[in-house]
Each structure stands twice: as C-alpha cells, then as structure tokens.
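Have a look at the structure that comes next, please.
For clarity, chains are labelled A, B, C and D in written order, and residue numbers in each chain start from 1.
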C-alpha cells in the first residue's frame, strides 16, 4: 500500500501538463469553439508527438499499456486547460473495444483511435431496436458526435459498433453551452451495426472510462480555476489593496483548496480501485464523479465571482471553465444520481 | 396595505422586550432548567403584571383582544432571552378554546390560562381511541407536559380536553436537550376527556399558534445570537486585534443578518396573513416555520463558533440558544416537511 | 400592519389591469413577454411613449411632473398587473427609476423642466456612468475627470458596465471635478448627452453571448455648466442618494420578473416529471419561500418612508435577490437536465431558463459584489469596524 | 500508486486482529465499545498496560524504544483492526501520538530514556498545555512564564482546554522563558509532573454536560532544568513540530471512530425507516463520500514522508474532518427526529449520536478554529498575503 505516484506517473503528469499548457492556449481553444469544438492540430500532436492517446490500451494492441491512474493524469492535465479535444470519446471507445471488442474490431479501429485519425463518440438509448445487423433509434447527447467517425452505442444491455458514414446514420451537431465539447443527436434508421464480443465488458469500460475522464478533467479544471484566481488576486488592486489581501477573499480560496484536495483523493482512489479490481471500485467511481463535478462547478463559479466584472465577459476564460464544469455536472449522471447509487450500496444491501 | 407596525404594536414590542431582558436573566433561566423548565416568578409577572398571556384572546373572554401579530411580537421577545415559560402551551390551548371550545370550556379554562394559574400543553397521536367520553393512547413530545394542568390533545381529527389530574392520566417528564422546554410523554388509559365544539377550528388554532410561536421565538433567538456575538466581537482581542475587525468574521455576521431580515419578513407576513384570513396564510405559515427555524439554528451555531472556546462551555449562554434552536427545528414538523407542504401547494394543484 | 388592499386600491387595480391587458392584446401584442432586454428596441421605445400617453409611465412621480402621486399600494399593484399582462421590461428603467427621482430630489426647477418631461414621455433613454475599469465597484476611486472650459464641463475618462449605453440618449456621469482630490471628495454628478463626438460606446460581450453592457469612452465629452446635479463636489452625496432609489419601488417590477422566471421553472418541472423528485421539490419550495420573503422584505423597506435610514431589509436586499437568482439558475439547469445545454438554434443564444443560469453569475457582481455587500451590511448594519483601505 | 495490501501485510493483519479480538472477547470485554472518553479510567489504564505488555502500544515507534517500526500499511491495518475489535479510545493518545514522537524527534538520549518507557508501558498519561485564556489558539501570544530558580524551572500561568488533564500524570507546557519577549520568540517547551502542589486542575463543563476539558492553573509549578525539549527559546519550533504529528498516523484511529459513528447513523436510519427518505439518502451518501475521501486524503499525506512539507492534503485535513463531523451530528439528529432530544435517563447525558451533534460544535473550534485553519490554508498553501496582526 502506497498512495503516492511512481516516478513514471510523475513524469507522465509533468509531460502532459507541460504539453497542454503550451499548446492548448485560449486563442486556439476559441478557434476550435467557433468550429466543431476540436483543435485538430492539438489533437494530432497529442496523439502522435506525445503518443498519449492510447495510454490505457495494451502494448500488444498499439497502446502504452498503462492504467486508469495514468489516463486520469492526462485527463486532469487536459481539463486544466479546458482543451478542445475528443479525448473522452476516443478513450471510451478504445477501452470498450479492448475490453469487449472482437479481434477484427480491435484491428480495424484501435490503430486509428490511438493515432487520432478516427474520432469516436458514445451515447446510449433505452428504446433503440437492433435486429439482423440493423440498428434503429435515437441516441442523444453524444459528445463531439458531429465530428465522429466511430459510434459506440449502448442500446439497453447491448453495445454496438456503427460507422458514422454508414447509410441510415444521421448526425445533428448542436450549438452547445460548452463549446469545447458540443453535443450531437444521432438518429439511426436501419443502419448497419456490429455487436461486440462481450457487451457487458464493453459497456462497463465505457462507463468507467467516461466517469474517470470527467472526474479527472474536473479536478484539473478546479485546480486551474483556483490557480488562476490566486494569481489574479495577488495583482489586482481595489480599495488600495491587492484584493487577495482581503480575508474573505482568502477564505474563499481556502474553501476551494479544501474541496480540491478531496477531489484529488477521489480521482486517484477511483482510478487505483479500477486498476486493482478493488471491491471499492463502484463506490469510488460514483464518489469521484459526484464530488469532482460539484467541486469544479463551485470553483469555476468562484473563479467568475472573484474576478469581478471581467469574470463574466466573453473575453476572459473564466466562462470556459464554468461551462465545462456545468457540462461535466450533467454528463453521465448528475451528482444527485451518483449519490443515490452510493446510498443504495450503503443502505439497501442486507445488514 | 402598510407593512409596518402600528404605534400600539411598537409599544407592545418595546414593553415585552424590556420585560424579558430585565427578568429572564441567565441565572433565573438556569435555575428553571435545573427544575421543570419554568421560571414561575417570571411566568406570574408575565401573566399578571404585564398582562400579556391573553394577548390573542378576545376581550369578552378576558384577554387583550389583539391578533397574531401582537402575539408574535411577544414570542419574539421571549425567544430573544430563551425564557423558560409555558408561553406556547398556554397560547395554543387558549386560542384553541377560543376558536373551538364550548362556552363552558371557555369559562372553565380561559381565565386560568390568561392569569397563568393553569399551565397547558398540547400533543397529538394518530392511534389514540376515544369513546364514551374516555380517551386512551400515548401522546409524545408534549412541551412542558410534566407541569401541565390542562392537556389539549389531538387524536386524529378530534380535539379533546383532558385534565392532567384526572384518573387514567400518566405523565412522564423527560430530561430534554433544551431544558427550558422539557418534553413529556402522556399516557392515557380510559381517562375522562371532553370533546370541543368545533374540532377543526380548535386543531387549526393549535397549529397556527404553535407555528407562529416557534417562528417568532426563532426570530428573536436568532437576532439575540447575532447581537450578542456582535457585542462580543467588538471587545474580544486576538492576534492583537478585536476579532470583529477580521473580515471573515464580519462576513459571517453579515450572513446572519441577511437571513434574519428574511426571517423577520416571514414571521410578520405569516402573522398578518392569519389575522387577515389571507389566501396566502398556509404557505406563509410553512415558510415562516421552516425559514425561521433554519435561520435560528444557523445563527446559534455561528454564535458558538464565533465565541471560540468559551462558546461551547456550559457556563456561557450560547448553548441555551443552540439547544432551543434545535428543539424548534424538530418541533411541529421539521423544515423538510414544511418545504414539502409548500411544494405540494405550488406543484401539485391543477395548473 | 396590514397586507390586504383597500376597495380604492382594487379599483385602481381594475383600471390599470384593463389598460395594460388591452395594450398587450392589441397594439403591442408583438412585444408581449419578450424576455431579452436588448430585443426590439424601437418597438420598446414606442411602448414607453404609449405608457406616457396615458400617464402610466411614472406613476410614482408627482402629478406636476407627469406622474400620478401613486401610493405604495398602487405602485405594488401596477407592478403586479404590468407583469401579469406580459408587458416587456422597461427600456428606460434607469431614467424612470433612478435619474428621474434623483433629479426630483436634487435638481433645480430649471433642471426638472429640462430633463423630466423627456423621461416621462419616453423620449430620452438614460444610462448610468458609475463603474470604471480599475475602480470596479469603488466609486470613491473614480478617475474620470471634469474641468470647466468656456462654460462647459469637459469630461475625460472611461466608464465600464454601462448597461444599455448603446441605445441610450443620456448618461449621468460621476467625475472628479476637483483636481488632486481623493476619495469621495471633489466628485461631481453630470448629466450628459450621449450623441456627441466625445462619447464612444463599445459593447462588452458577456458569458451568455449577448452584449448588454458596454465600455463608454469619454474624450473631451461636453455638457453645459448647469448640467450638474447639486453643486461641484456634491457628486458623492447625489450618487449615494441615487443608489438608495435603486432599492426603491423598482424592486417591485424586478420581483414580478422573478415570479415569471420561477413560474417557468415550475412549469418545466411539471412538464418533464422532475416535479415528482423530492429534492427538486425541496429546492422549488426554497425558491418559492425566498421569492415571497423578498416581496415582504421589499414591502417592509418601502413602508419605511425615510430611505436614508439604515434599514436592515434595505441593506440586505441586493445580496438576497442576487443569491436567490443564482440559485434559481442552477435549479433551472437541474430541472431541465442536459437538454438545457443545447441551444434551440444554430446561434449561441439561450432561452429564458439557461439564460438565468448564465446571466445570474453577473448578478452577484455588478452593483457591488456580494463581498462588498457583506462589508456594507457588517459595517453599516452592525457597526463593525471598517475594512481598512490600503495606501493608495 | 497501490492501494491493496501485500501478503505480508495481511499476515500482520491476522496477527493483530487475533490478539485484539481475543482481548476484547476475554479480559477486557467489559470496556468493549464504550464511547465516552471519560468513562472507566482505571480499566482503560489497565488496557493501555495490556497493550504494552504485548508490544502493541506504540507500534510505529522504533523497536529500540518499545515499538515495532511498523510501516504505514501496518499502522493502517492496526487502526482498522483496533476499531473492528471494539477496543476503547486510547486514554494516552496525547502521550503515544504527540508527546512520544516529539521526544523522539527533539529529546536527548537521557530524556528519551526518562520519558519514553513510561509512555510505552502505559504508566504515565499525558496532556497538553498549549491554549491560554485570552490567547485562544494564538500560541505566539502565550503569557505563562517560566524562570530558572535553584536548578528548576518555575512556572506561573494558566492553561485552558487541557483535555483530560484531570487524570493525566504529565503535561507539556509552552511557556515564555525569556522575560519581555514577544511572539514566537523566547518560548520554551517544558515537560512537567501534574502531581505537585503548584498544579491545580478545574474541569470545564461543556455543552453536552460532560467535562473533558479543564483549566489548569500553574502557580510556582516546578520541573527540573533538564525537563525541556530543545534549548530555551526553541519552544515555538518544538510546538509546531508536535502539531505536525497531530496530522500523522493518529488520524487513522480517529477515522475508525468516525466510521463507527457513521455506521451508527446508518443503522438508526435503517431501523426507523428514514433510510427510505431520498434526502436523508443523499446526506448519508455525502457522509460516506466524505469519510472515504478523508481516508484517502490521510493516506496521501502519510505517504508523503516529509511531514514538514506544505502538503495540501495535510493542510486541509483538520477543517475537513471537523466539518464532516459537524454535518454528521446534524444528520444524526435529523435521522433520529425529536426522539434524539430526550435523554435515556434522568441525567443530562447523551447517547452516541446526540453527543456527536453537541460535541462536534467544539470540533470546529479547538486546535485552531475553522477561521484560523482557512487563514493557514490560504497563507501557507496558496501563498496569499498574511493577515495583519494588530498592535499588541
């Protein structure tokens, strides 16, 4: 038992942080926001130069063969810059195919997902119908769905692989509050779809990867909101004093740090629990998603508030954090839903 | 429409405030806490010298013939000192008998309730049984029940008058967290009980009077918690400064004032709405109880916190406020319950 | 203490309700219930003028200046009926509720005659030049300068967060007229035309994608020497009095808007089934309580006739509504779910409920942040020591 | 990063679990699971001595001083098994976890030989003389004075909030040994016998009716010149190091107590049906999350080997648990309902759950109020400007 990062993990974290801080600049993110929410150049360097898109994919399948802890470190660094990337979609799809795909599906898609050549999204529907290799139904809220080549779709208990370019596939990209990860609605009308080899494993990988990704992004975003506000508060003078010298301001920053430190524990506890197959994995996942999303929303809201007037302008980056925080809150189950899952685990099993 | 006190109301408020500030001292309250939670001397002066125990009872029945606004002013002043008095029990019983009692019951009890000679309590039970003038069942959480002469008991939809000295009545007084209003359990075994003339009116008066009393006490207690903390903070020096000069401390006091100002609106809105028979009366009652109880608990908790170490000693009065606040929170429906009643009024009626 | 309305009041209600409903059903049906303050400006100006034509534009003003000397009860009633009829937000809120009452209080008879009729008639729209970049909510730190030259005040400086400046005709400006003065001393309160070469307005795009606020650049902008309220150096006093009007009857109209917003949340919850969620129910009840208490808080402060008094209800009102509305925005998002994050069109434009969520982040900032409000409450309401200023 | 335990660790778990369960089922069954720290003092001293007899009293200490050089994992395991077995709270927590490690870090060999064996063996119970009336949590403002006289330190002053002083044998005292010194300078750290005429202990009755805390009056109280940790004037440094131990492995035992408390709330909710209330469910889930995150926060800070580092998990830990427990107390009351406010007996004495509610109001105050914790976090964790001290 050792709840500290290995040297390799520290190196990955440093590399990822440096990469996003240098490349995922506000100007580039804003350019991506005005388009489809993907900074293609960033995405390409991330996949090819940095080579981190396949961090959780086994080496035999072309990835780095590492685990959820390492993936979380990367998502945290991307979240700290609100980077406009299909990181979640590709990681979810890759991990789902690793966990439950057929060898053919793995061979067909994993190299393109790891290289960034293909973009993937996932969505689910309770009333889609699948028969004779054809899928019909509406799949809503697919992140970066408007740009996706590969659709990994959960229909009830099934997990299906669909090509976006196939006949019968209609994707509508929406203007979305968080423009760095716009949502799309996917309507399938007898579209050709493949089943995976192990539906439960693929769906589980979709869930796990999605929740870890969002929790880690939220952690990174919350820490960045704090860091940027701290820096601002030391420079900005009002009433003849640096605003950071006002005790109420300091305490608000302290409150952010208190939550963030817990969020940090939550992300790495959950990632570790998944990697180690711990009994605690499920409660850890729900805890991490709920706690980190709440923390990020609180911190991003404070970031706006503590920047004063400039904080609610379009020009300042605070709203990028705030809107990302909102989207994380509602994506893949809101905090109330995740807490209810925990309550069920804690209260409803036989004593 | 004029949401300001009349001159007469201001006078009643000043008189009541002065009376309780002078007489309901910490030493006397603590003596009452060690006994049955009633400061008999205070009670007697309140009823006879001040003559305010019958403020809401019509003049023809020996009271002052005023309304809920005036009653609330008095309860607020008593709450500000956490006075150890059967104010709520007597007012509830008196108003219930005024509203629904038979002329005989009114003649028998009102003079004694207004003079303070008799002490009353109320409690309710869902599974008591009444037949042939005999009542059986268990009535819990009766405030000052151990000292009561008159029991006004709600059994389902019925309202019954029972004398505490009657055969078949067993009252157990409990050591209670708030020692200024200890609770009792009343067990009746075929005890003689009288029905009132109008059950619905009597039960409604019990409810209304209880809720207004608790909300007003909470308002007074919250304001006193703030006032005492403000005074302390200007004197107490730490780190070489009056602690009240620390901005975080000031903001905490400001937060108390923000809630208290709303609580004040709530109490007088509700009292006025009752007196005027307004459509809003029910939502106002629920609002006042929930909001004021929450406010008082928050303020009393802050009072302890902002006094530092001395604040959680037995010797300091902060715990009297805190425990009274807790008892108000849970008495006659907790805040969650009252909010749910409001939700039902707002959400569940036909659009 | 009395909350009900008299028979006379109810007659007044019938009269104004009848008029408002007829207008909104008839000639102004096209702008009934439009939510955004920046939409349909020309039509809204026509609406202001229609209000004026039937003497409904400034009912609280003295009859001598085009008002109706309306009682508090009547003003409450008018605000209620105005909202019930779906009449749009007043484009000249600042003229009618801030500039006008301040001119009534501090202006000479000549000034009243010059400015008030244009406000009453809806001919001139006003905006407010208080905040500056770098000074934020700190009015005592105003840097904009005014000097007297050839019988004109010549003003240089920059104002920011000037709400609706881009379609305003007039602006009131707090400027430093005494060179070298510091803090609240040496400020003056000037009434200036927007339509002149020295005034440039640049919109500020906000978090919700819209641009209601502006930067206003004053470069040798001019006004006549007598376009000043109070004497030179009285600017602080006049500005503070104006802020008190902000807590006046204008709160009633604002509350009716909040009522409509909460009703929209309730309607959404009923429609999508969230009204059955016990936690959403608690939050809706909380919002309902908060709104009602704002109403009675406002009535308490309005029933207190002396606005300059330190009145707890008045002092705490701003932070109350700002927090209430921020909570409402979050509740609205949670009621709507992920749906709320998708725009209805291909533009970055938001419906009423998501817009509350975004816009309300500024409610806790403009007009004095919640932090500054808490200082004021503690210092003025509770007599706590003042927060020390740095050496500036 | 690894959370699982090794096979070796699991063997250690089996060993200590076996021993603890046997003790709690057998000779110490009478004090199994007693909640109140002040109950059954003599039996608890015997329990401390039994722990010592089998070398379980200070497992994290070096073997040379009676410990087991236990790894972090082993200490985690021991804390878990200790709680699982229902063993009572350690009466000598302050000796074992604060005084001992501080003496190990700063003591001479002679001092170690003099003090450590009595702690390991459970022969001497310690308490802590930090806070003073008027100084509160402000250690730099200590007024208690120490002067050297005939080879003894002679100490005069008053300490307050000395937890469990009424049955302690030893006290460590921070005193001002340099006359006229101010702030953190001129303080010394003294180890004193409680059993002497110059020491008087007066219990302070708390909000819950019990008296765990005390005032301790020192009137010409004495200790030998060499009963000082570090040199004269080093008191601040030693005291700060000791505070760091407070965030050490002792947190693990505390968390096991919290686990038991939350389990008691859960059991109560299941019994009385509140477990079906969706809002109570949310709050229980929140508490569950908070407790788990405290555990992993503690493991993060313990895995960081240098305790003097500014470590975010360590810096925020106190306020985290204090708030968690206060919330738990309120949750417990809401789960139990009005029932919770009635005592089981005729005395003003409270069961575990209502007692958390009352007692936890002090958790956010002693050992540095939440306000002071936030200052520390902002200043030390975020590098914000320091809060100015007044002129004292």
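One rule holds in what follows: a contact is a pair of C-beta atoms (placed from the backbone, for glycine too) under 8 Å apart; a residue touches a chain by one contact, two chains touch by 3 or more.
Fair warning: this is a prediction, and the values are worked out from it, not measured in the lab.
Ranked by how far their CA centres sit from the centre of chain A, the chains are topped by B.
Here A-C and B-C were compared by C-beta pairs in contact; the pair with more is B-C.
Each chain gets a centre from the mean of its Cα atoms; for chain B and chain D, those two points are 40 Å apart. If you average the Cα atoms of chain A and of chain B, the two centres end up 52 Å apart. Contact of a single residue of chain C with at least two other chains is seen at positions 278-279, 282, 371, 374, 387.
Among the residues of chain B, those touching two or more other chains are numbered 242, 245-248, 250-251, 336.
Chain D makes touch with chain C in their complex at residues 277-279, 282. In the complex of the two chains, the chain A residues touching chain C come out as 140-141, 174-179, 183, 237-242, 245-246, 248-249, 301, 304-305, 308-309, 311-315, 318-319, 322, 326-327, 330-331, 334, 336. Interface residues of chain D facing chain A in the complex, by the touch rule stated above, are 1-6, 9, 72-73, 76, 266-267, 269-270, 275, 278, 281-282, 284-286, 288-290, 292-294, 296-297, 299-300, 302-304, 312-313, 315-316, 319-320, 371, 373-375, 377-379, 381-385, 387. Residues of chain D touching chain B in their complex: 131, 134-138, 141, 160-161, 204-207, 209, 279, 333-334, 337-338, 340-343, 345-348, 350, 354, 357-358, 361-362, 364-366, 369-371, 374, 387-392.
In the complex of the two chains, the chain A residues touching chain B come out as 246-248, 250-251.
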